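The structures come next, written out as structure tokens.
One chain, subunit A, appears in both complexes that follow, with subunit B as partner in the first and subunit C in the second.
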Partner chain A sequence: MGVPEAFRSLLIQYGFAFILRIWLYSSEFKATITERVEVSTPINSWKRVTEGVTLYNDGINPYSGDVFHVSPVGLILYSKLIEHVAAYLPVVFIIMDLFTGHLLYLTAVEYMKHLMCRQEEEKKEYSEEVKELMLNEKDVRKQPLYVVAAYLFNPYILFNTVAQTTTVFSNFCLASAFFCMAKGNRSGLCLFLSLATLQSLYPIVLIVPGAICIGYHTLPTNAKSESADHPDLFQKILPRALRSPNSAHWVKSIFATFGVFFTMLISLLFLSCHLSGGWEFLHSVYGFMLLVPDLRPNIGLFWYFFTEMFEHFRLLYLWAFQMNALVLYLLPLALRTRKDPVLLAATLTGITAMFKSYPSLGDVGFYLSLLPLWSHIFPYLQQGFVVLAAFIITSVLGPTVWHLWIYARSANANFYFGVSLAFAIAQIFLLTDVLLSYTKREFILRHGTSNLLNGKHGKLVLA
Partner chain B sequence: MIVWALFTLFVAHVSGLGQSELYGDEFHEELLLKQLPSGHVYAHFQFTTLWENGGDQPNHHCHLFPQSLSEVLHLYNVDEMHLSLTGGLWRHENWGYPIVSAPPGAELWAWFKEGTEDVDKKWTLLSNALSGLFCASLNFINPQQSLNPKYSFAPLGAYDTPSRNRSLLRYSTLPREIVCTENLTPFKKLLPCDSKKGLSSLLSAGYIHNANYHSLGIHVRPQCKDVNCHETVLELRQTVSLVYDLIILGQESRDWSFRKLFGVGLAGSCPLASTSKIYVDCSTNGTSSVYTLTPDPTETINSNRGGYNTVFAVYDIKKTNIINMFSISSTHKGPRVYLLNSPPVLHATRYIVGYGQEHGGIVTKIHNNHWKDLDISLFENIPWFLPIYYHTLKISVNAGKQILKPYAKHYIPGRDRNRPYALELLVTLPPRSITEVYIEFDYSFLKWQEYPPDANHGFYVGAAVITSLLPHTKNYTGIPIDGSTFSSSINASRDTYPVTLHTEILLVTLPTPDFSMPYNVICLACTVVALAFGPLHNHTTKRLQMLDSCEESKGLLASLKLRLKSLLSKSSSEPEKSAPEQKREESKSKEPSQEGDPSCEQKIMKRKKTKGTAAAK
Partner chain C sequence: MPVLLDPPEGCRRPTYLMVKHHHKLEMLMYLGGLLWFLALPSDHIHSASYFSENSLLPGLVKGGFVEDSFAKTLLVSLQDEISANPTKMPYPWLLAQFRQIGLDAYTHNFTLNYPLANDMTFEGQNVYGILRAPRGSSTEAIVLSVPFRGSKSVHPSTAAGVALILAIAKFCRRQKYWAKDLIFLITEHEQLGAQAWLEAYHRTSSGRYGVLNSGDLTSRGGAIQAAVNLELFSDRISHVDVKIEGLNGQLPNLDLVNLVHMLCNKEGVHHTFHNRANLGDREYNRGDPIKMWTYSLRTMAEMVCAQASGVPNGNHGLFHRFGIEAVTLTGYRKVDRGSPATFYQVGRVLEGILRSLNNLLERFHQSYFFYLLSATDRYISIGVYIPAVGLMASTLLLRALAVWRSLQIPTFQTDKEKLMRAQEMSNCFASVGITVLVAHALGVVLLRVPVWSALYLNAADTSLSVVIGLMSFTAISTFLPIFKSMHSDTLLLLYVIGLIELATILLAVSLHNFPLAVVCSIVLVPFALLVGGRRLRFLRIIGWFLVQPLLLVAGIILVYTSVHFPDDAILPKAMHAFKEALTFSYVDYAVYGNWMLSVGATFLFPMWFVLWIVVLKGNISTSKDSCEAKKGQ
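Right, the complex of A and B next:
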């Protein structure tokens, strides 16, 4: 009964999403949406892709200039697309988007199964009064549908698709990587993650949750006998907190995942070098993302910060900001949320979408649409209203002050900077709130809903 | 007496020998005056120095050729060099073609000698040296701003090899350069007679910079010594082009005179000059307006060139007996006639389209008024801060009725802060057509220190250059490539006539940041990062715990004291247990603890009691 119903609901969603996108493509909003700086950044704008492909076809190295910042693999792909299906490009983009939605659905289904399993395992640790808080069949059925809806009808994703940004393809790779992660498919995960990394560099951090996830999936069932074969080989190396009977398995599995991933990534880089006839693309693609030479405004924090930066501090802050986006939170969060690598992956996607050098609404929309996976923690969110209001207000205010600054010339850059700051703060609030709520739910599942401590009214705090 | 006679004989001998035989060099000064169809007066000075030994040895003794320039040319291996410093815009549509075309601002292009290593370095040094020589900001020309055109700027000199290595060419413009007295003075110092004697004495700064258009030019190239061209001489042409608007000059009449144009009369020719001639174009005399020139010219020349007849009144200053001051003036008779403008065969304009400071387009409109096809090369030089989109390049004819495909394209994409965008097109213009070359660009956002002090004034974009070979000489005054002086253009019919057009320069206002904000922006952006760092740090390093709400309410100092006390007591009583483990145990335990603030406990007990009674009821 459940499956056909879900199937019908999915079909309706896909059909409606398709029609909505076709309508937007043919409407007069398309040109406006395409030109928005929030949607099209120098990295992902289709206009620049067209420029690169034209240069490539005319025998000019697109990486010799400073307009094109897509990897050579992408260049070949897009040049084939433009060559063969130029008339049906919108359909290609829409179908990619629907695929991404479906992959997210499959990911959600897998993840809900996994959550249910874990709930079964840990049930005995749970407090007695939390029966109604536990996941039930209905949640398992509904939450994947919410995820699809949150992706396909997310205005940010809609804009992204209609603007034909290359983020559509990055999101597809990311969604595939998430699916492989949930499925426990090591080679698939490494392939899609390396493709996503090749495109936009920042997804490289997702290999950590990916490796943890694969580790869980390949965990041997007869763990005890396994550990007996290799007595204490890794026990000494590992810190005490990480020691478990399966250390040997963990180290092996993580090494294997990292090995496969980096082999794939390096072979893709060599393929890129072969395709573009040199290593010049490294500077044009990754150098551009890391050094931030183009200060065109976007929804991120980099542009105005580095416009106004004093020249001799530029390198320092460049390092600080890039580390903030890439590695600063990677290890602590990985240690903290190692039990739920999918949550870790989603958090890291969110952090990079907020703090990367050229973020676009497509990136934001992607991690926002992952959130319904955890819709069972939504009751614990404290700042839901504030965040929602901030998202709506900044989304409206952004284009308005942009128009005032660039076209009417009655405002200045500070206005748009203020809006992008508010947008970033809203995202930060959302992300930290989700993390806190997740921990809170775990705490309550184990300790009960009562807020009485030693017979007194207690307060849940991080201490 | 004999000594005196010998001395006069020697002097006569030396002067009779002439400088050219002794040093192998000669100097010509010429001035062309022309009333343009629009009523403006065009005055073109040309000072030509030809030097036989030029370019042979370094440190060669210079006679008429300026030593400073010759040293620079030697030192940096320069074969050919063209520098122009211009104020104002030459309006081809109304004025026809100038003798030497120049864009507003400064333009420098040079061909280096075959086999020159490290051309970029030599180029930088050359522009720096010229900057010192002419007091212009040419030192801002660096390899990052320079281009290496593929089709335009062919060498004009006489060379052994028919085709030259294009990597020896460098081109750059400074469209913002302002030309003034400080450039004119060093320019005049390069002349053999300075501004003491000869036509150069007419160049007084006050009058020159009053003109609608004024352009200084330095052109150096190797030139054939004779018709056979077995040997070459080094040719230096110093030009001053001026266009006066007579209405601005004061009087309402169309009459002009030396006094009115230059403020002074001519005291005589430069003694070092071989020829010193003034040409007045009087082709229009008698047809559109009637005027008389005083004094009468030495001779009148009919120049038939490419099917068009031009009449020149020539004043040979060497032959003119000047007693006091020499001045030419024209006096018009009859009513003023406004002529229909008959534009030249090929002319162009350039402008920016679009609104706002986000996206824009550059349109170069090229008019071909000829009845036949015309091949041109168009050279666009776009600075890096206006990134152009090559795929948006559209060449349409007659308002989009026809789309042209260029015969050849050459595009070098720019790099941020490193290299401008260079686009060269070879196009065949259809007969009697207006061709529009359109390309889109984005406005860049620069770092705050990259904006000039007057950021909202905008940024200049150098002129586009159009080169072509004209089939006839309507409105054409150029000097043939095999000639050095203006006199060589008389009766110089050729198959084609090379022409170079410079379009307008563009002024673009880029969006600006708030220049007073650096500290605020750094603080605010870092605060936002800290907003993420704080909670994430908390989340990853701390544990969720149920804490006594009363404990919280007691204030910071008290809670700190309490925590310290508990820590001390713990460490003394249970040293083997770590603090967090213990805390977790505490929070897990359901039974009320024995320690704690009694007052707080009492309060809660009371609350419990009341609750209990309420439930009982």
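Right, the complex of A and C next:
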């Protein structure tokens, strides 16, 4: 396996990432990066956190105002941080970031093991001519390192860390949740997912892939033969496509995961209520995310639409936009990729990072750095060039037109929205393409590289 | 969604054709962009300028300025003051004049800590007077400024301008219709004074921290809506030249430019753009179109050169970054026969401009901010000129697509080996990432090289050490790629990234400073396309080496010198200009926030470096192979 080599490479990466971040923190770019709307949103900006903490320390409820939108648990954490380690805050953020990177590494190692196991199991179904296309030892060794590199040296993540946004902590919770998911640890998954949900609400959708994943991990190995003869209650209720010999196990496991998760979430909410002395935080934190009152521009799609729209349509479109971000793709994707819940989780993270009300580059960077987990499907990508070019061009043009709009006053909001729309489209292309390539690879492994299907040219669709 | 989902055979046709004929298409698009750019100043494409902002109401009132004899008296008195003390600005005299007129007059001190040396400071002082609006609440202001020049200055004296704005101040003081504060500003040390005053007015800093200490102002007016900078070299004016190009190529709103030209027209002042008058009306109608076109093209080229340099050609250029529309009016001394424009006429022009600006109900927003001028009354808007850069930048994207296709051949074409190759390719992501990162790190270092070499290299003078520092950095970075060998897939991918980056730079720059983008496209695009390819590798390497940003600057300066000073010894003069240009690019970056150096160092140079690796390690083919492979199917 070459463990020492991987270890050395990891150490070099961490050391280099640390130095890079320290340098950025002390450079002149920090002030600029911190103030960028792409990085700091009303939800995650550190400036607002210090504001809230000051109010809290002065005995004023920070949730009664319109500035502070961090959960009470976060409030206590950050106030302790500011109180005790104010001088070393950059180091705290950098260490959190490195931890996140390492968790992603561990996740990747687990996931690659899991993929290899599955490949072994399914090997007999595979077509003869694709032996070379299967995962090999080298992929297993390399891909986790790519994941770390993609996280630690991702410019978006770098900006996010240097701007000291609270997204650093959300990403840490998410990475822990991914790790627990890959490990099959139900209580850990539920804990970190509920913490992430407490902070930014949208990770709540990840409970679905989480539950599926836990289900796979706790699958009994020898239950196949006996239950096949005696179909139980669940097998009669469930639709045929979802029926399996282990239906009972599945239903129980999923219910258990949901139960643990919601219990934890509700206890965390009660804890928050206790900490902040009331339920006001609900409106200030989750109401803010759901109702989108602050239309300061960001890389998302909400602000422009809601500034342009007539006020009486607001509620309707709030429903539409929030459903788009939260539930619209959940069921179809969950059904399609149920075999690979980690991919489902990564896709859902990407979709929420794109469609949520106050997205930041930190969210985008997080799901992008997960993608090297599937670098074995990159050869199947169709839109690679378009996505690459669009990411580079929009990332540069965004700040440029922002300057023209805000400082030079020679452009206007349409320019900036145009660029952020193109950025969102590039992301949509990327996610769709990854899912399609995944499907395509599964198909090719089973049917060979010939696209002749019963003598006709086949066409593969994502359904 | 056929674009997103696996396309059937037919849908891929356009891309396939594009990639197959990409060499021809690239040439076509590049030439198309070039021709489009050259065709811009023709009569069929540029259009007559017009006013978008109705509230300006230019020239509707009869001018009332009659203080020309007062201006003449002041000019004589001021010239006495200057000859008595040739280096210093006569503050007491200026303050006394302002107070006599009845304005609040103030001074403003500023200090420059020279960024390329330790403990070298320059001090200066501006004088300004504010006429409070009798019909408004001091929420808005208009600035009329003059750069003061002592008799030792290399530029012609602007004493006439100072005298005229004092006379105008006296005239305006007695009028009742001002709804905006009028600020009369006399600055010292050319652009430095104007920059310091603006920074102090807005309590901000544009350059590097601690370089320009702009101090504070004792008194302010409202938000500045517009500014007119006046440089009159004499009281007998041959023509007024209207300068518009600002810092980083920013332009004032076209309405303001039109306003100035129109009022000059009305008062019978001969007015020009880049010292080129319009061809006479008779010629305009009957003249031969080729002559018209070359004349307009020359005017546009002058503008392109001035704007592409990114350096303001007058104090007006510094106002733009604060969102203030500003122009400079330069009045040249009349030397030949004929009747000159006097204080009376120029005063009326300025009065008309001020009164029109006074009418503004909201800040300038109607007309164009992005335009090219091919005559004083002809303009080319952004929608018309942007295809030129768009086409040239797209050639790069097309080439990148072709190279990418040659890397990643569509996988669903039954051919397993291609899939295998694509799989191999994903192994080179890491080294591509590292290379790009190193290139940009080098760029960030490059940004610091001038100041390091100025402080730690003990050459004869600062500019020489800056040149030595930059040259040695260039030499080191040029030889750096020799020590690392690279896989051919990595090189291809690097080529793709480099091309996309260059296209991105060109597109982003074209939004801020179109002329700069056009010049860069014309020069860089062909060489960037030549980077990939097998034949004549040596020429390709030489070609791409020649467009190294530093050498490119040297080349441009050499050409510029040989065109403008054909008689002198070119080489020493060019060398001197080169040294000065490099030093000033850093000083401008540190003092004014000029982004020419920062963009050049952190984007252009890394892009050059990436492609330099590609061409040096070279031997890569573009899509030829893939095309043949596809034909085989």
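The working rule: the second predicted complex is superposed on the first by the 443 of 463 C-alpha atoms of A that agree within 3 Å, B and C clash if a C-alpha of one lies under 4 Å from a C-alpha of the other, contacts with A are read in each partner's own complex, and residues count from 1 in each chain.
Basically, a contact is a pair of C-beta atoms (placed from the backbone, for glycine too) under 8 Å apart; a residue touches a chain by one contact, two chains touch by 3 or more.
This is a predicted model, so every value here is computed, not measured.
On the shared subunit subunit A, the superposed partners subunit B and subunit C are arranged side by side without overlap. By the touch criterion defined above, A:440 reaches both subunit B and subunit C.
Judged by the touch definition given at the top, the superposed model places A:335 against subunit B, while subunit C stays out of reach. In the superposition on chain A, A:132 makes contact with subunit C only, not with subunit B.
Once the two complexes are laid on top of each other via chain A, the angle at subunit A between subunit B and subunit C, using C-alpha centres, comes to 60°, given in steps of 10. Touch criterion met: A:67 reaches subunit B, while subunit C stays clear of it. Once chain A of one complex is fitted onto chain A of the other, the partner contacts of A:407 extend to both subunit B and subunit C. In the superposition on chain A, no contact is made by A:121 with either subunit B or subunit C.
Taking subunit A as the reference, the larger set of touched residues comes from B, when subunit B and subunit C are compared.
Legend: residue contacts after superposition of the two complexes on their common chain; A:432 is shown touching both subunit B and subunit C.
Judged by the touch definition given at the top, the superposed model places A:297 against subunit B, while subunit C stays out of reach.
For the three-chain overlay built from the shared chain A, the minimum Cα spacing from subunit B to subunit C equals 6 Å. When the two complexes are laid over each other on chain A, subunit A has residues 407, 409, 432, 436, 440, 451, 457, 459-462 in contact with both subunit B and subunit C. Looking at the complex, you find that subunit A touches subunit C at residues 28, 129-130, 132-133, 142, 145-146, 149, 153, 375-376, 378-385, 388-389, 392-393, 396-397, 400-401, 403-404, 407-411, 429, 432-433, 436, 440, 444, 449-452, 457, 459-462.
Residues 355-359, 384, 387, 389-391, 409, 411-418, 421, 442, 444-449, 511-514, 517-518, 521-522, 524-525, 528-529, 531-533, 535-550, 552, 587-589, 591-593, 596, 600-601, 604, 608 of subunit B are the ones that touch subunit A when the two sit in their complex. Across the interface of their complex, subunit B is touched by residues 35, 37, 47, 50-51, 53-55, 58, 60, 62, 64-67, 293-297, 301, 303-311, 317, 321, 324, 328-329, 332-333, 335-336, 351, 354-355, 405-407, 409, 412-414, 417, 421, 424-425, 428, 431-432, 435-436, 439-440, 443, 447, 451, 453-463 of subunit A.
Within the complex, the subunit C residues that touch subunit A are 3-9, 208-209, 250, 320-321, 323, 363, 365, 369-370, 397, 400-401, 404-405, 408, 410-416, 419-420, 422-423, 425-427, 429-430, 433, 437, 496-497, 500-501, 503-505, 507-508, 511-512.
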